[in-house]
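Paired with chain B in one complex and with chain C in the other, chain A is shared by the two complexes that follow.
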Partner chain A sequence: MIKVLLYGEARLIFNVKEIEEKGSTVKELLSNLALRYDKKYKDLKKFLIYVNDVNITALRMFRTKLNDGDVIMMLSPSSGG
Partner chain B sequence: MINKTIAIVGLGGLGGFVCEYIGRLGFEKIILIDKDKFSKSNINRQLLCTTNTLDTYKTDNYEEKLKLISDSKVINHKEFITLDNLYLLDGADIIIDCLDNISTRLIIEKYASNNNKVIIHGAIGEKTGQVCLCLPSYKMLSKLYKNTSEIKKQTYGYAVSLIASLEVEVLMKYINNDYADLVDKVIYVDLNDLEIKKLKL
Partner chain C sequence: MATKYKSYWGKVVKVNLTTKEVTDYEISDKDRLLYLGGKCIAAKIIYDNIKSKIDPLSEENMIVISTSPLNAVGAPCSSRFNTSTISPLTGYYTSSNCGGNFGLSLKRAGIDALIITGKAKDKTYLVITNNGIEFKDATPYWGMKTQEVQEAIPDKGAKFVIGPAGENLVRYACVISGERASGRGGVGAVFGSKNLKGLVAFGMKSPEVYNPKKFHKNNILWTKRLRTHPTTGKILPELGTASLVTPMHAKNLLATNNYRTGKFEHFDDVSGETLRDEYLVRNDGCTTCPIRCARVVTVDGKSVKGPEVETIGLFGPNIRNNNMQAILDWNYYMDDLGLDTISCGNTISWAMEANEKGFWKNGLEFGKIDNITQTLDDIAHRKGIGNELAEGSKRLSEKYGGKEFAMNVKGMELAAYEPRGAVGQGLGYAVANRGGCHLNGGYLVVLEGLGLSVNPYTPKGKAAFCVMFQDLMEACSAGGNCLFTTYAFFPSILIAKPNSWITRTVNKVFTSFGGIVTVLLKNPRIAAIHLPHMLPHTKALKYATGMYMDLGKFLQIGERGYNLERLIDVNLGVSKKDDELPLRLTTELQIATNKDSKVPLDVLRAKYYKVRGWDENGIPTDKLLKKLKIEK
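Let's turn to the complex of A and B:
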């Protein structure tokens, strides 16, 4: 299982701070989350996503492979002042 | 006295606390930019908003405060930054982003990149926020807000002051040339979990 930590808007959308979910890639994980929580996959792709504290932009984006025990962080930047 | 000119863009929650903190640090010149007046909805989180200052210009109030706590020369611009008045930032060595919207942030990022200026970015929503050092060529704000839509959330004064404190610390690290560990990184703050994380963007 993959541990998904939610911050900012992501936490408000899912209404939980932590989720355990399956997925062999980031894309599969997000698809599973979208299905389970009745969300749109394209909306989940908008978050900043880190795998074990590394931004997926520095990995293989949504094709990044996941392993049991990996920790995903999903967050959205704030914009207020 | 620190021999730098600092522009504070936006004098809402973040800008008010940043103004207080950098005023007490002592900078040569401080440029204040905001067109707003205080309104009732500001009282919960904006430092100088009281029942006595409602409907008065924020820049006037912070200029007056700066004169009480520092010897800084203060420039007061009652304007919102747009594409047409970016020259207001020309005299600044460093720009402190205390804005409340993404589109203006992207305007000042382009200006700063073209004019080789540094932005210290801070933003808040609810009890979460982030701070980062934006060096001219890094396009930090464009990367940060890629695909992000604007969401207005209630914020809290104590959370605002924490983000403002971090902005000032990043400013001082930049001035003291102690910022190698901040390049291309964002400091995320989540008070819901009392967590601060520094992550590569």
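Let's turn to the complex of A and C:
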């Protein structure tokens, strides 16, 4: 299982801090989340996504492979201060 | 005094507290055109009057409280005013921006700027109305905290007051208007040194604008833009500036354990999300603000202003505290005492490390929070170790050792952004005119992870963008706007879709545009355009004042103001030797496996001086001053 930690807008959408979900890639994980929580996949794609502390833009984006025990962070796309 | 430009009164008043004289001070229309208002016009006044080193807490120092053309005329996010002086913390120029109502009321009282000189014989406060300025006895109010005194002073109007910290000359004392602070640089101590408890302003007038119809139309567009931009329309109202805690942790930018790392394992306990879900009463905003980023929280059963991200960072991760309610309590208490939360938190974290390493045994420890409230009280009243902490981290580290981890520049303590995770931000801290300020330094962290995700470790292009952002924010502030209005400078699509190919491409190539930005900065006539969706400020200023204004002119006002501030500092002794970071940030890797995770300051600073048109020692050249029409 993959641990998904939710922040910002993602926490509002799912209304929880943390979810456990299956998925062999980021894309599959987001699809599973969309299906399970009745969300649109394209809405979940907009979040900043970190796999084990590394932004997926520095990995293989949505094709990034996931393994059991990986930790995903989903952050709001913007922040300000 | 009169002015041909609209949205000014053409009235600057000088008050001599020693003699109780009130006189008009001449500002020409040429200066209005060159410096606009706010911090830039204040820099002009201080530059003309203070030419060499002074004791900031002596009678020789002056305070300039300046409004701007967009104040009190109905533009969005335009209640900001500046308090400028020579800082007792740094010995150099400081200008502190505040969103309280005092600036609006000062302008409505018919005054563009107020200059305060001398020293009152007795404890004094001033009442400013359309009928003039009255000197009143502040003896009954001396010793009161900032909220108490604002309620106790019977005069009608917006208040701007100091608390015990300012009275006791704490070098980072602030001045409070409502619940908003002129926080940085110790302006409160300068008030205290002049026996000045505060100011009250009341007025009912607003100046005319040049083209009301077009001005109003531009304001509607501007407000709409702010309400629909993902940062100002969504995340800031939703989570406030505390929204940054989580991404700062994710991107190694969250100063932790006195800037030893950029991550805090308990960050979510003090995040914007936790603040919203467990502590928020409602959000709030300055007058005229459609963003409403302020947090209202509960302290001792009262609804009060909550902390900004800098306070959360410095009283949370940086002292290894994950108790959010404690941060809310301390934040309110510091405002009430009249302490700058950034310098205060940073000085305490230095003291904790100094204690840990045996430089100075003081009882303060990382993660131990039961003695913090008492320490804050002791600082404001200069009791026990508080008397020493009131001097700030620079003076303490000179006395006890530990300069390499005293996180200040020019004596002003850094904000909560750990610059080894964003080296352009590190450059900004180093060269900022008022010292280690995240905003005066250009706030490049917004490019390097907290907006866009440009490579945070490369020095490439950073100097040019640092200059541009400094100038942009300087001009924005001179106009009277909140700096958050500049977020709209970033197209929504880049902010809202960080994983799109467009955003990723922009992030990759962004630093390559440093050369183009440099050309633009050196030739502002190229930018004789308006960008109404990205930067509505230029049209607003044009329609409000009747001045010719475009993007190039706007940026050049910022450039002129920034250079004039530098010249004030140069007159007071600033040079390259002062544009330095604490050694921890330039010599120690933040992440052992990342050889780029330290600030390459020598490279960045040399390039910055070149883009600025300063010589190798960081002094603006005569050629530059001539171009900017600054008389030496």
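What to note about this one:
Definition applied: the second predicted complex is superposed on the first by the 76 of 81 C-alpha atoms of A that agree within 3 Å, B and C clash if a C-alpha of one lies under 4 Å from a C-alpha of the other, contacts with A are read in each partner's own complex, and residues count from 1 in each chain.
To be clear about the criterion, a residue touches a chain if its C-beta (ideal position, glycine included) is under 8 Å from a C-beta of that chain, and two chains touch if they have at least 3 such contacts.
Everything numeric in this text was worked out from a predicted model, so none of it was measured.
Of the two partner chains placed by the overlay, chain B and chain C both lie in contact with A:K46. Applying the stated contact rule after C-alpha superposition, one finds that A:R11 touches each of chain B and chain C. When both complexes are overlaid on chain A, the residue A:N55 reaches chain B and chain C alike.
Looking at the shared chain after the overlay, A:G80 reaches both chain B and chain C.
Within chain A, the residues touching chain B in one complex and chain C in the other are 7-9, 11-12, 17, 45-46, 48, 50, 53, 55, 57, 75-81.
The part of chain A that touches chain C in the complex is made up of residues 7-9, 11-12, 17, 45-46, 48-50, 53, 55-57, 61-62, 73, 75-81.
Note for the complex: chain C touches chain A at residues 230-232, 234-236, 238-244, 246-247, 250, 268, 271-273, 277, 293, 308-310, 450-451, 453, 484, 487, 495-499, 504, 507. Taken together, the chain A residues at the contact with chain B in this complex read 7-9, 11-12, 17, 45-46, 48, 50, 53-55, 57-58, 75-81. Chain B meets chain A in the complex at residues 10, 12-15, 98-102, 105, 122-126, 128-130, 143-145, 147-153, 155, 186, 188, 190, 192-193, 197, 199-201.
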